[in-house]
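First subunit A sits with subunit B, and in the next complex the same chain sits with subunit C.
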Partner chain A sequence: MGKREKNFDVLVSDKNSIKILKLKGYLDAYTSLQLEELLRELIDSGNFKFVVNMKDLSYISSAGFGVFMAFVDETRKNKGDIKFSCLSEKIDEIFELLGFKHIFEVYKSDEEAIKSFEKVGSSDVKKKRK
Partner chain B sequence: MRGENSEIKFLGLGQILLASFLVFVLLAVTLIKKVWSWAPFDFISGILSVALLITFMLIVQPFAKKFEGNPVEALKFISAFLFSLILISFVFKNLINVTKQDNIVVPSLYGDVVMTNLFSVIYIFLVAVIFSIFMKVLFLGRGREVKVKFILTLAFFAIYLSFTDLFESLSKMLRAVVFEPGIAMIILFFLFMWISIRIPWVISLRKREKYLVLLFSSLTFIFVIFHGSPLITGGGAEALRFYSPLLFSFAHYYFDTFIGVYSFFVFVSTIFHLPTTEIYERKVAELSTLQNIGKLVAQMLDIREFSETALKIAMEITNSKSALIEIKLAENEIIHRGIGTDTEKLKEITADKNLDKHLVVNFDDGDVLIAPLIAHGKTSGYLSLMKKEGGFDADTLNLALAFADQIAIGVENYKLVMESIEKERLLREFELARQIQKKLLPGVLPKSNKFEMSALSSPAFEVGGDYYDFVIHKDGNLSFIVADVSGKGVSAAFYMAEIKGIFQSISKIYKNPTEFLLAFNDAVYGHVDKKFFITLIYAYFDVKNGSIQIARAGHLPPIFVRGKKVEFLKPPGPGIGLMETKMFERYIKPVKLKLEKDDLLIFYSDGVIEAMNKSWEEFGYNRFADFVLKISEKETDKITRLIFEEIEKYREGEQTFADDLTILAIKWKK
Partner chain C sequence: MSRKKENKKLRIKSQLENLRKVREFVRKIALGFGFDEIETEKIVLAVDEVCTNSIKHSYKNNPDGEITIEVKENKNKFVVVISYGGLPFDPSKVKIESPIEKFKRTGKVKRGKLGMFIVHSFMDEVKYESNKSGNVVILTKFLRKNEG
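So, the complex of A and B:
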């Protein structure tokens, strides 16, 4: 009987200055430290737009949500945001129960999430022109 | 103590008085001898001068004692004093005029006699010093055997003397019966060789000391030869012979020969032992290193003392002049220690060096060795040593590196010990936090004939984030809460304590669930770390009217069982602390239930739903609902316990993902 491990992994990719984080595995009080560190680094190096893909995320604890809460204000202050995509049914329900959907934008796919950033970006430009 | 001291002083004073007395008598005797040369005068002056020599030797004993066990210094002083002896003889040779009188050499004038006295007293004093020191060297490391041999040499010298003109009548008799004086001299020579053949102290000398001994013993040998040469001491020696024939014989036949033979043997023996020096030194060093490592281990718990001792040992075993050690315990805890005169220079040299491997840097006339302290693949600092005069040879280098490894292991062990102490401390703190947390939960739940109420809570780790509590209002109605703080451990326990405070105070003012949640959110939002948020269920239980209002803030939906129907109540409401109260207000919608007999409400934490079995399946809502329905007719006490047991059973002993578990059940009886 092998011991199960709390595997957690993040795959980072770029698309038009948007960082796409593909989460995988088990995001709990312990593995969330790893995600927190990663986000801290990315934000410190000037990235403020994030799409978090949760397709392969099998579990998220309240501490996992806490990580996003910790950074969302900072990204928004810098004209960025944290958006979510591809929630599994289970995680979608947790989003619903926690009321996270009132705080974060949730999309069906990465593309939609990225597009939503572009809209905000162009409207910003328009505002500036005015 | 004081008494002893004055006694010694008194003794010293007596000796000096005796010496002065002897000096004056000798002056008188020699002056008379100048006028009236009579053989017994020679005998008297001989005895007196030997007495003077012995007195001087007693006077210089405290000085000679300094050379006990220090043969190198002793030889150095012997050669130095011998040199001054020669110098003095040379100077006085030109100051004293001698003339031959009936085949006997005598000082020309009375002034020369006085000069002779002056010279002789100095001469005897120097001989006393040299011979005293010499005896310390001779007796070093040897037992009675050497004393016996020494007395034998004196005895033979006495026999030899009896052949000389000094004891003319006796000499004639002996010469007739036994042998020539030359043979006695040869026998004495062999006795000196016999006594000098064993020189035990040479073996244990360090290499440098051996070179010094070679130098001093050869100087001593050369000076002894010079001393015997008439070219250098000529007139002086003749004057001395006039002063005391016995002393002259002693100085030239016994003293010179003995010291000459001995220094020769020291020289040869040292050369003979030179190749074994390294081995001997290594053995001694290894032994002392072993002892020192023992000392190091004893200082394991004081890293500062440890580094100091390590430095001293490193310097000792490598014979370095300066040493520097740096031990990095943590990111901002670095220990620096330096010993010796050149530590600043060492620091400079070491500063910009890469410390993956050891490094030898040439510096002035020596080397600087920088050895990283590596144990278990981790570098925890460095040791640098400065060695002058030739620098590090291969063996010393290996010894130093091996020792650096020892230090590194010591440092690593120290860290481990400290870590386990820290761990122990943390464990105790955790235990404390757990106990505090336990006290935060209510000890007894309210009892009534109208309802049953039971609760069960088991934290997953030492400290969990689950919390439940209640307040009984003045009108007998109840408010209760089931909450979960994000995160775990001590910080979660802190927030739990905060929730208790907020709940206990706010629920008394704002009984209404919506008002309560708004006030709660106000108290939390923006006041705690953004990472933390709280999910909770708040219920206001109107016991008189048999109704209950339930507000949910992000928490798992409570289960409601009526008859054979089971339902999850999901009144909308986001978690506490996620957003501003203004925004929060928009989303809260409590639910109100009019209770009927045997209605069952169960509030719980995510440990119930998320409990996992070995094949990664969660216990889930459906399984939970089904199980609750099965046992809903039992008492709440049993219900909570059965749910707990069912979850334990479901987990199949799998504890890896065990979460906090809280179950609170209420059953309406009326």
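So, the complex of A and C:
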């Protein structure tokens, strides 16, 4: 058996109140439904902060981007966001070409993405104390 | 010596799970033609988007339709001809707008029409033809001298 593209899988882990989604395989019109259902469930159960790790994602089409575009406003309205980490060189270039870096925050590592949420969190706390 | 004219064809059923076969088919030929990884990815994405649209919109997810993907290589010209049946497609009805423009205009992030934006921004030429025998989308990309 030669090296073939694997289908698609998501590994979900928690860091404080942030859900880390580690994507694996390819995200196209066929596999994006699985991610859409997962995000819907997580958001419906009160999760609004997401870091999407794309290190092992080999491909993403408009259907894949569409899942994040469909949910991002809802997360932001609830003091959360969908942020991205560890893009491969190829996917990073596609983000750049499509202008997604103006719409989404992209970080080099999960840690940096998580920290960026903490900054927002601390300013919220300050505001509340006043 | 000029590049040999060659035609390569793939026929699939109108099922989303077949998109992967289409990508593998196009990727291999585009890389062999001399496109680098990024340019190849752009072609693969454009073809994927056209096939996805044909399955969702022309065939309305009916899995029994047929899509033919034919690659024509001629000198520095790489042409992908995608033929399918189902409902006719009228490109004039689709407004092509970049996601950032849309975001700036509306202040909202909404999905939709991104596939068409990808097709038009990643290929050099995009042509649509609809006739009695079906729909044909012709995607062209030229290999620049500094590539390959």
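Here is the rule we use: the second predicted complex is superposed on the first by the 124 of 130 C-alpha atoms of A that agree within 3 Å, B and C clash if a C-alpha of one lies under 4 Å from a C-alpha of the other, contacts with A are read in each partner's own complex, and residues count from 1 in each chain.
Operating definition for what follows: a contact is a pair of C-beta atoms (placed from the backbone, for glycine too) under 8 Å apart; a residue touches a chain by one contact, two chains touch by 3 or more.
Keep in mind it's a predicted model, so treat the numbers as computed, not measured.
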Check your understanding: In the superposed model on subunit A, is it clash or fit for subunit B and subunit C?
Key -> clash
Practice item. With the two complexes superposed on chain A, say which partner A:A29 touches: subunit B (first), subunit C (second), both, or neither. Key: both
Review point. Can A:F100 be said to touch subunit B (first), subunit C (second), both, or neither?
Key: both
Practice item. Please work out whether A:Y59 is in contact with subunit B alone, subunit C alone, both, or neither, and reply first, second, both or neither. Key: both
Review point. Should A:A70 be classified as contacting the first partner (subunit B), the second (subunit C), both, or neither?
Key: both
**Study point:** Footprint overlap on subunit A, where subunit B in one structure and subunit C in the other make contact
**Key:** 29, 59, 61-63, 65-67, 69-70, 73, 97-100, 102-103
Check your understanding: Of all residues in subunit A, which touch subunit B in the complex?
Key -> 1, 3-4, 6, 29, 58-59, 61-63, 65-67, 69-70, 73, 97-100, 102-103
Review point. Which positions of subunit B touch subunit A when the two form their complex?
Key: 465, 484-489, 529-533, 535, 553-557, 570, 572-575, 578-579, 583, 587, 606, 610, 614, 616, 654, 656-657
Review point. Contact residues on subunit A for subunit C in the complex?
Key: 5, 26, 28-30, 59, 61-63, 65-67, 69-70, 72-73, 90, 93-94, 97-100, 102-103
Review point. Which bits of subunit C are touching subunit A when the two form their complex?
Key: 16-17, 19-20, 23-24, 37-38, 41-42, 44-45, 48-49, 52, 55-56, 98-100, 103, 108-112, 114-115, 117-118, 121-122
